[in-house]
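Below you'll find the structure, written out as structure tokens, and then a few comments.
Order of writing sets the chain letters: A, B, C, D and E. Residues in each chain are counted from 1.
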Amino acid sequence: MPAIAQGAKIKLGYVSPQTGPLAGFAESDAYTIAAFLASDAGKNFEVIVKDSQSNPNRAAEVAKELIVEDEIDLMLVGSTPENTNPVATTCEAEGVPVVSTTAPWQPWFIGQQGNPGDPGSWKGFDFAFHYFWGLEDIIAVYTGMWKQLGTNGTVAGLFPNDADGNAWGDPQNGLKPGLAAAGFSLTDPGRYQNLSDDFSAQINAFKAAGAEIVTGVVIPPDFTTFWNQARQQGFRPKAATVAKAILFPQSVETLGEAGHNLSSEVWWSASHPFKSTVTGQSSAELAADFTAKSGRPWTQPIGFSHSLFEVAANVMGRVSDPTDTEAVAAAIAATDMDTVVGKVAWNGAGVPPFAAKNVCKTPLVGGQWRRKESGGFDLVIVENGTAPQIPTAGKMEALA
Amino acid sequence: MYRLTTSTRAGRITGAAAVVLALALVALPAVAPRALIQDLFTILTLLTLAQLWNLLAGYGGLVSVGQQAFVGIGAYALFAGVILLGWNPVAAILLGGLAALVLAVPTAFFAFRLQGAYFAIGTWVIAEVTRLLVAQWKTLGGGTGTSLPREATSAILGTDLVRALFGVREAAARDIVAYWLALALAVAVIAGIYWLLRNRLGLALAAVRDNPEAAGAVGVDVRRLKWAVFLIASAATGLVGALVFMQTARISPNAAFAVTDWTAYVIFIVVIGGIGTVEGPILGVIVFYVLRSALADYGTWYLMTLGVVAIAVMLFAPKGLWGSISARGNLHLFPIRRRLVGPKIEGGI
Amino acid sequence: MLLETRALTADYGQFRALFGVDVTVAAGECVAVIGANGAGKSTLMRSIAGVLANAPGMVLHRGEPIGALSSAAVMKRGIAMVPEGRRLFPSLTVEENLLIGGEARKVAGPWSLASVYALFPVLKERRHHPGTALSGGQQQMVAIGRALMSNPELLLCDEISLGLAPVVIRDVYAALPKIRAAGAAVVVVEQDIGKALSVADRVYCMMEGRVTLSARASEVTREAVHAAYFGAAA
Amino acid sequence: MIWLDTLVQGILLGGLYALFAAGLSLVFGIMRLVNLAHGDLIVFAAYLVLTGVTLLGLSPLTAALVAAPVMFALGWLLQSLVLNRVLGRDILPPLLVTFGLSVALQNGLLEGFSADSRRIPAGALEGASLNLGVVTVGLMPLVTFAAAVLVILALSALFFRTALGRAFRATSDDAVTAGLMGIEPKRVFAMATGLAMVVVTIAALFLGMRANFDPSIGPARLVYAFEAVIIGGLGSLWGTLAGGIVIGLAQTIGATVNPEWQILAGHLAFLAVLLLKPRGLFPRAVD
Amino acid sequence: MILRLDDVSKSFGALKVTDGVSVEVPRGEALGVIGPNGAGKSTLFNLITGNMLANGGRIEFLGRDVTRVAAMERVRMGVGRSFQIPQPFEGLTVFENLLTAAAFGRGVGEADVVEDCARILEETELLGKANVVAGTLGLLDRKRLELARAMATDPKLLLLDEIAGGLTDGECKALVATIRRIHARGTTIIWIEHVLHALTSVVERLMVLNFGKVIGLGAPDAIMASREVREIYLGLEV
């Protein structure tokens, strides 16, 4: 008999950064969990949420609390490697199954290896499973967007010394080889620390290299500093395609005019042609419902937080004893379902062998922020080369 | 005819109680649920850090805001020992202490040139520099950080024994080993500090705290004293850092060198509890932990409360909670007063 | 009475430095306080000036209790002090040191920058130097001038001759009659008995926090002072 | 050419740090108060200005002018009700109180304004630049630098030309003797903190226009501000500007070598200065 | 010679506080130092103990040049001192004050000096208050403690700075008797005092300082009779 039908509630642990700099990722948590618990599938679950305070120490600590004190059956986690990695490491050590998302798989997988520089030593996990996209998808989407413009193919890279930046900037496993294969050359001056107040060194290097495209994975305040300084210094690339910094509409709005036509990868949007298995809502309905209930614009993490609970419900529907960690882990590995963010199945598709068991990929497209007459911004999908099922709504435009 | 004693009734009772308590804590894993062991691990490591910081600031007058440097370097040394040298994590904890000791030498050399607020900020900057340098250490993940390999954590010394002993899962057995290590460290540090205070060094520290000029005039070597206290406290802080991150199994520069976690909260504990006493940090860590357990699920409100409590205690009990208690009842659980006993002596404590 | 202390006590932490001291100062009068090192003379001055807090009624100014007032409030009532060791502000020039003395209490009176410079002409030449760059004697002049700038009714001078050369001491003491002539009462704390008696109308001798002798300067004998100073005659 | 640009950008960056540090320099210099909440107070002021801009529709400058007296009052109250009661020879109580304030402020702002990254809109100023032939400098950094110089000029004038400034210096030298001059040290301290909050408002205006801010961003620059103050020497306002420039220059030069060294170079410059001159570049006569 | 000062000078900025002082003190002597306030007496002590470093000249103790040696080390060599303004360790008890001085001044363990501390306490009439916190002591006991603590370091040369100042005559007599006993046991003493009768009842020679200079050195009677001293120091018209 499936676990779901057995009366006693299944305990899900959820670690999210409700306070601190990553709090934007957790913005929809309350909404998502309420919606999930109100659904038919959700009735069988109890969700225990812990705040990581955007602090990796704290994330590991509350993960352990969830496991030891609350005796959860399954851990769910998202919101950047800073949050997913300590939680996944703890779960793996504790032998508790964990499903994680909202972090590119390289920083998630490689970032949890003892020596990230030595691929020979990398090992898979028994209890930790991750679904999201990877840098190869970023490369495909970004180059797809850039190819729509006529450029000289010289790309400027801004990568900080953090989990994302190191993964993206890695000369062997990062963006560089992939971009080269697609005919783009990357200028990477080196890892900077987050919250730098000056980017003149980078701008000078980019100008010297004649870069016409800017890319990177930059936190919002740093991108604003960089972007303003770049314009002041007369560095005017044709495209700026960056991750993280312009993820949230609020961050783009802080850029004002200068935000127009900045581009980024899009992992989920209101126009994704997928449906929730839990509430039956389409992406558009989910986004609209969130906005109606919270009064705030939809953001990309909403779909993914929602999908975490879809996966949980699906997995638990296929195990007879939710406390049997091995069985739950096996059920996760056997998942094959269509969520509101696309297909989730740990079948190894598109993932290198070393990570095939633990990583599953969801579709990725590219979008551009277009400033509306009213001052707000729309995210317009302009590139869908790797995920043609997601429709585009426009063409890539060069920056003014 | 005359002799010296530090023994008091309260002290003897405390001593006996402490021994009983320590023994009970050693045996606790046999009966306690994992959650309690887990909580106690956190409490014990925080308590140890607090006692060490108290030794520095409360007894040595060295108000350091950079102790996270030693937590961090100790933790990283453990990871290096395990990942790069293939040591057993328990052995690598010692490496953590050693690394912190080594770092403490240049830190002291530099920071001892500074006084008061300058010293505080100087140590903070040194910790930042250490963090930034460690973040360049690519083999241990640079700014990304790294995790302890699964086979290393499961190979932790003593885990098998505990599994056999208590019949628990591997993860629980590991918790118990870590808890015992934390307990041993806490007991050793508290007993060590108490022993130090009852020793010549304690007299010298009290003398310097009261009047540095006069201390020099009776032959106390103030410089050497500061060095000794700083090196001891730093090395032990490194041990705690290594132990904490062995248990977390994941490290990153921002986590290991977090000024809030490893210094600010520790200062909070010491000052709220009562600086310059052995009892203060014990009381402080209890208050801190109660606050955290009760409120941590309220996110921002928890931290706001913490901030307000810090302000309120400083305004209304500037000597900390233990300071207020002991001033009223003249109670010292860990007496360090040396009394002269013999004929013709009256009064006294 | 311009100033009166009643059973004044003062403590430094647990250490009691004054035990029930009664002194009075009439308007325009010059009173000397003498006594050995550590007798409590400076403590008495600090208590009057409000640096040390006391019970309100322990110090009376024109009959009103001022014992609990802050030193700033006491100063604004017209009681200025020249502290032991001069204590000029090192960050301020000579002129600024003088100016700051008159800023909090702006009352009309004989003392102004000009009249202080007239009293101590050497200060005018050096008015743009940092106060601490002057010689000890000159610093003492600044300290006196600074206190005068508020046109006080009562000037408390603590050990104004300490560490000065005899010639300089002569100059400093020469200023006291002029200050009195301009209307202020003066209390001088002095260890040099001869010097104290030469300027004062009355004298108090202190020992171990108590007044052991109170007399008119003209009537006091060397023996009496000696007894008060050292206990019973040696 | 790149080197010249690096130098110019470094100096301009130093202006920003000096602006952050000026208020700190004031309170640190006058009352030896290590204010760990300084960065958070800047962020708080930035939200205040932003509220003026978004809610009342004011221009950023007008909003700052409105915010300044509010901040002054808050600083005054903070000092007289809280900080004056814990100031003393022991640096720990104020350290803990300001740490508590920092934590409370950060989380209060988070509760009130969410974690969103915000920005004070500065319109055309944001990307504008001035071509000086050999180098191109952004108008915004230039204006920031000018603001730093003006703030320090104004503070210096206040310090060295006015009675209040004399009271500040005298109290800082020797609070007990200042009391004998009719100065209430506690009121002077409250005044100083109030004034520092006005400077904080100016810093907030430029922080908010120059880059994004969110409630957690305060502490990141606090270390730089302290470094600038200490490099300059306790109580020396122009020293603080010099200290800011030293750190700004070290950062841009370090970054030119390798961006990895940007922040590190700033800290190392600070340590180097202290190693050579433990009391800073422009120490005053007494500490 | 236990102590030899050779042209020792010290200035604070422009102020010359010790001006070319040269003096030799034979072992076992008791030397009195007098001079007006601010003459530089305490400063001279600070130079001998190493609490201040001389700007010029040479200081020899037990034949060794100690001009630049740290204060702490000079204590170990046998230089003990009392402070003019008593500086007890206020938070420690009287006994602990002594214990600190004895343990560190001699470089031995606490247990080895307990009896000795008790003896010194008895001699300085502090035994009854051995376990009283020093911060609560009155002036007389503070002065006694200064002496006792200096004694506890087991000095070969004992420097006393105005130890009798401010005491009543009776108290003063008792203190003098103690000092005389210490001297009788062979300890060399240099004693600054304004209370002349106390001083002259113990010392064998007197040194007069004025403006940092030695203006008289010799037998007490001769010094006291000298016109210069009477004029400068006592302020007596002659």
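One rule holds in what follows: a residue touches a chain if its C-beta (ideal position, glycine included) is under 8 Å from a C-beta of that chain, and two chains touch if they have at least 3 such contacts.
In this text the structure is predicted, and so the values were computed from the model without any measurement.
**Student:** Considering only chains that satisfy the touch condition with chain A, which of them also satisfy it with chain B?
**Tutor:** D
**Student:** Please identify which chain has its centre, taken as the mean of its CA atoms, farthest from the centre of chain E.
**Tutor:** So the chain farthest away from chain E turns out to be A.
**Student:** How many Å are there between the centre of chain C and the centre of chain D, using C-alpha atoms for each centre?
**Tutor:** Going by mean C-alpha positions, chain C sits 42 Å from chain D.
**Student:** When the centre of a chain is set as the mean of its C-alpha atoms, what distance in Å lies between chain A and chain D?
**Tutor:** The answer is 36 Å.
**Student:** Starting from the mean Cα coordinates of chain B and chain D, work out the distance between those two points in Å.
**Tutor:** Centre-to-centre distance between chain B and chain D: 33 Å.
**Student:** Hey, how far is the Cα centre of chain A from the one of chain C, in Å?
**Tutor:** Going by mean C-alpha positions, chain A sits 76 Å from chain C.
**Student:** Touching two or more other chains, which residues of chain A qualify?
**Tutor:** As it turns out, chain A has residues touching two or more other chains at 19, 161, 191, 193.
**Student:** Return the residues of chain D touching two or more other chains; collapse runs of consecutive numbers into ranges.
**Tutor:** Residues 107, 110, 260, 263 of chain D touch two or more partner chains.
**Student:** Specify, in ascending order, the residues of chain E that touch 2 or more different other chains.
**Tutor:** Residues 90, 133 of chain E touch two or more partner chains.
**Student:** Could you list each pair of chains that touch, in label order?
**Tutor:** By the stated definition, chains touch in these pairs: A-B, A-D, B-D, B-E, C-D, C-E.
**Student:** Name, in rising order, each residue of chain C that touches chain E in their complex.
**Tutor:** 13-16, 35-39, 132, 135-136, 159, 162-165, 191-195, 207-209, 230-232, 234
**Student:** Which of the residues in chain E come into contact with chain B in the complex?
**Tutor:** Residues of chain E touching chain B: 49, 51, 70-72, 75-76, 81, 83, 87-93, 95-96, 99-101, 103-107, 109-111, 114-115, 117-118, 121-122, 127-133, 149, 152-153.
**Student:** Show which residues of chain B lie in contact with chain A when the two form their complex.
**Tutor:** 34-35, 38, 42, 79, 82-84, 132, 135-136, 138-150, 152-153, 169-171, 174-175, 248-250, 252, 254-255, 258, 260-261, 296-297, 299-300, 303
**Student:** Can you tell me which positions in chain A touch chain B when the two form their complex?
**Tutor:** Result: residues 18-19, 50-51, 53, 55-58, 60-61, 64-65, 68-69, 81-82, 85-86, 89-90, 92-95, 107, 111-117, 121, 123, 125-126, 160-163, 165-167, 191, 193 of chain A touch chain B.
**Student:** State the interface residues of chain B toward chain E in the complex, per the touch definition above.
**Tutor:** 1-4, 199-200, 203-204, 206-207, 209-211, 213-222, 337-340, 342, 344-349
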